[in-house]
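After this come two complexes, each holding chain A, first together with chain B and then together with chain C.
Right, the complex of A and B next:
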């Protein structure tokens, strides 16, 4: 049953980010929903999540990573909301960051 | 609208672009305007600066401390602020430094950027503890996302209170609930409250209780009491030496918004209670809050006597209610026995994040805490 990789690649993590976005979308109006794509903006110019949604999203992402990959991570470290380098900018930057975090832990 | 773009000599700069930077004292006017816009209490410039200048920890660090962070747009408009006040705590035989978040305000157009402020606050170094004692629901959620935890003490989500002017209190309560004809309806509601309050009014006579005395300021005996407290306590305590108390309550002392009761033995202090005036002017509520109680003696009647003295004075001055937030252990239990009313707060107010594994483990223990409105910024 378990095909979960111990050290997930970017491609392994991206669907997990999409799953969290999907859960977030359940609480949003249809025309406000975020598109599951690598360049989906989570925070910054073009983003439209409010701070409560962002908070819930972070908690949810960390839970999903723990469930899927068995890793305890903290997404609030390393200047996550920096406009230039923050990992919370897009689905792609977040997936890449998580993949790196889990690799560092392994 | 702030989402428009402006052109400055060629490159297009988005006015909606927002960044966080360390706040400066010179930002006062912009911060005060923003706070006024959102109905927050605004300190006079001098009082606001005194949150840091005159703060014993800030002075000891010679100002090497961020007073907070502002959110600024690409065109230099301040659209958010969170204050960062240093506070000394005593725990495990040593002094720790806590960073207290205070006066968090963000323009509604930029609410998502609250996360930028939060990330600056949580990323700061050279502190042992991050503390928020006035967290509304959203702030609580943001704090949780940043791995802060509610202080693990039962009852912190419930306020205890006495009603002293039943009709006035009922009127302000109805105004808060936006009930039409609040003044008229307040008569029967006030009568009902009076009947309930009478059941537990026995202590307010003060008979057979230990003698307590009202004092106007914190004299040197408070240093002696604090010294003894540090030798006995096993809980985390915000520092309560004379210098810190005078800084903490400086604004309230100036405005006569503070009642201090002490119990003495052989000229030394054994206990004190501090009551702080915290009205809600928008609904016409007048209120005193018990913000601190410390005692070297286990005698619960000392607390009874101080509450009784405050109740008598509040009634005499036409104050509608006396309220208590926080406290733990025997003090909280005693207060629960004494207070006739309680109300559920909209959210847990007390959050913390320990910086360091050992402290994190120690503070997960409820016995490590004795939180009150003296902690953090709720009685500054």
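Right, the complex of A and C next:
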């Protein structure tokens, strides 16, 4: 069985974000799929997820965090879509936010 | 399969756009173009009237309270009248029946409840006021109301929900996007909907070619002897092999043919099949076999040809990855599933394959394996007779002709859509479209059943005629490959000519439309005796001339529902006219 980190680091969370992006890509046409990288834009300038895809991504991300780290988080709180500070801007900002959220809960 | 996207409309009271996205972007076949009807508008969408959507499929997926309003009261623990609920279910079913005229086929999802909706808890299934008690009755009522409606299939989304696991129902998805299910459920739904459409489109596999050693039983029979094979007994692996054989037998009982391709000494393998006391499958269960040391791909080609099946009908099962890779590479049309190393997974791996699903189950399907056994006996007789004419006469072939009617239209539609080789035009029509086409006074659809001394091949021929003044045209001339070459073709033409004569036609016309697979049909028409144009595609018969029924075939019509009477061609044609049939 994989060891489950009590407090996941940014590097622990980033692959989980990629997994959620991979799942989301299956709902998208081949030429519109998102590339798994830290600067992959999820929401904001350069992003092209519609509201339904964003909803699906949030739900999927929360489920994966629960499964992987045993933490129940809510990604719709804390102004997620703020252009300056929203955690949904990129894969990297999201991974950092989740790492902090889980740390706060621990 | 055709790569033109299949159009599908998703009708629901919740948001199915994610399902549409999965259907359009999944790479599994068929390719699809999905449209989501305005959500929350289920009944108005079903009752909408517009033309030109006949090639569109539909999925109707609703929550029970949206289309059965009284069920909402039950959800709030208010007393409800079960009779009222069931009448609302029947009304919804009636809306589905109305809508089916607009669509090629409809998949109607049975109703489910989320796991967190506990209703009466311990008593929920048992008490009449329990939500699950009511829901079971509602689903049974829905199934009962729709079970005989052509082109409508009630499917069970509970299977999709279970496959998605504990996160299947997502309250958060509901609040964010009005989708009660997680994306995983919708992905599974897309997978199953595509499988269902492949079934409706008639792409079912018909033949399993199976290896023996370490696939049907444990061990190499040539090394250990049949007495020491692992099969049954008090051994978990032996039991697993026996269950795999039982699964194969189950499919055989559904009409899927079995054949063997094994590298073995034939006598040794047959001894095992015949003598092992726990062997579930015996030699007579297999419609064909190649037990030798030759290349399996070549053996599979020979078996398929012998059974008159295309390679696209074949599934090959072998425990050896090298053999699987070889067949995959040389015969890409053959489906070669990955096979588990763990033998305890073999039976479930086979039974979960959707490629054997069919849109209708007819008596012909269920008897198909026995029919092929009879065909083997015919072939043996053929080798024993001095001439083909002797053989044809010895078969004592009886051809029964009947008009299209409610009792045969499912089988006629099935044959219509899956016959390739003896098919004049390869026109495809759903059961609904066929009945509509036949509804015109100047058109006739005749079905032919074929039997001989070795058995009943069932409904295996279709002839459709279109009358237009002094011309009569054969719109479709279809015969199952199971009975090709027994002069049934000539008997059908004799009936066609007589029907044309009785309708006042002077000429009977047929136009052959070539496909990659109907060369045998063209060869028959070229020797049919009909006049033909220079290209050899248009055929004509002057109706004043009788077309002789072959002497080896006896022509019959059903009479009094039960009994059959032998007739001449003229009498047969008269008997199947609309006035006589009614």
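One rule holds for everything that comes next: the second predicted complex is superposed on the first by the 106 of 106 C-alpha atoms of A that agree within 3 Å, B and C clash if a C-alpha of one lies under 4 Å from a C-alpha of the other, contacts with A are read in each partner's own complex, and residues count from 1 in each chain.
In the analysis below, a residue touches a chain if its C-beta (ideal position, glycine included) is under 8 Å from a C-beta of that chain, and two chains touch if they have at least 3 such contacts.
Predicted, not measured: the structure shown is a model, and the values here were computed from it.
With both structures placed on the common chain, the touch criterion links A:28 to chain C but leaves chain B unconnected. By the touch criterion stated above, A:98 is placed in contact with neither chain B nor chain C. Using the contact criterion defined above for the overlaid structures, shared-chain residue A:63 touches chain C, although it does not reach chain B. Using the contact criterion defined above for the overlaid structures, shared-chain residue A:55 touches chain B and also reaches chain C. Contact with chain B, but none with chain C, is seen for A:43 once the two complexes are overlaid on the shared chain. By the touch criterion stated above, A:80 is placed in contact with chain B alone, chain C being left untouched.
Common to the chain B and chain C interfaces on chain A are residues 51-52, 55-56, 58-59, 76. Residues of chain A touching chain C in their complex: 23-24, 26-30, 51-52, 55-56, 58-60, 62-63, 76.
Contact residues of chain A toward chain B in the complex are 43, 45, 47-52, 54-56, 58-59, 74, 76-77, 79-81, 83, 88. Interface of chain C with chain A (complex): residues 15, 17-18, 21-22, 24-26, 167, 170, 172-173, 176-177, 179, 182-183, 187.
For chain B in complex with chain A, the touching residues are 14, 16-17, 19, 106, 111-116, 118-119, 122-123, 138, 141-142, 144-147.
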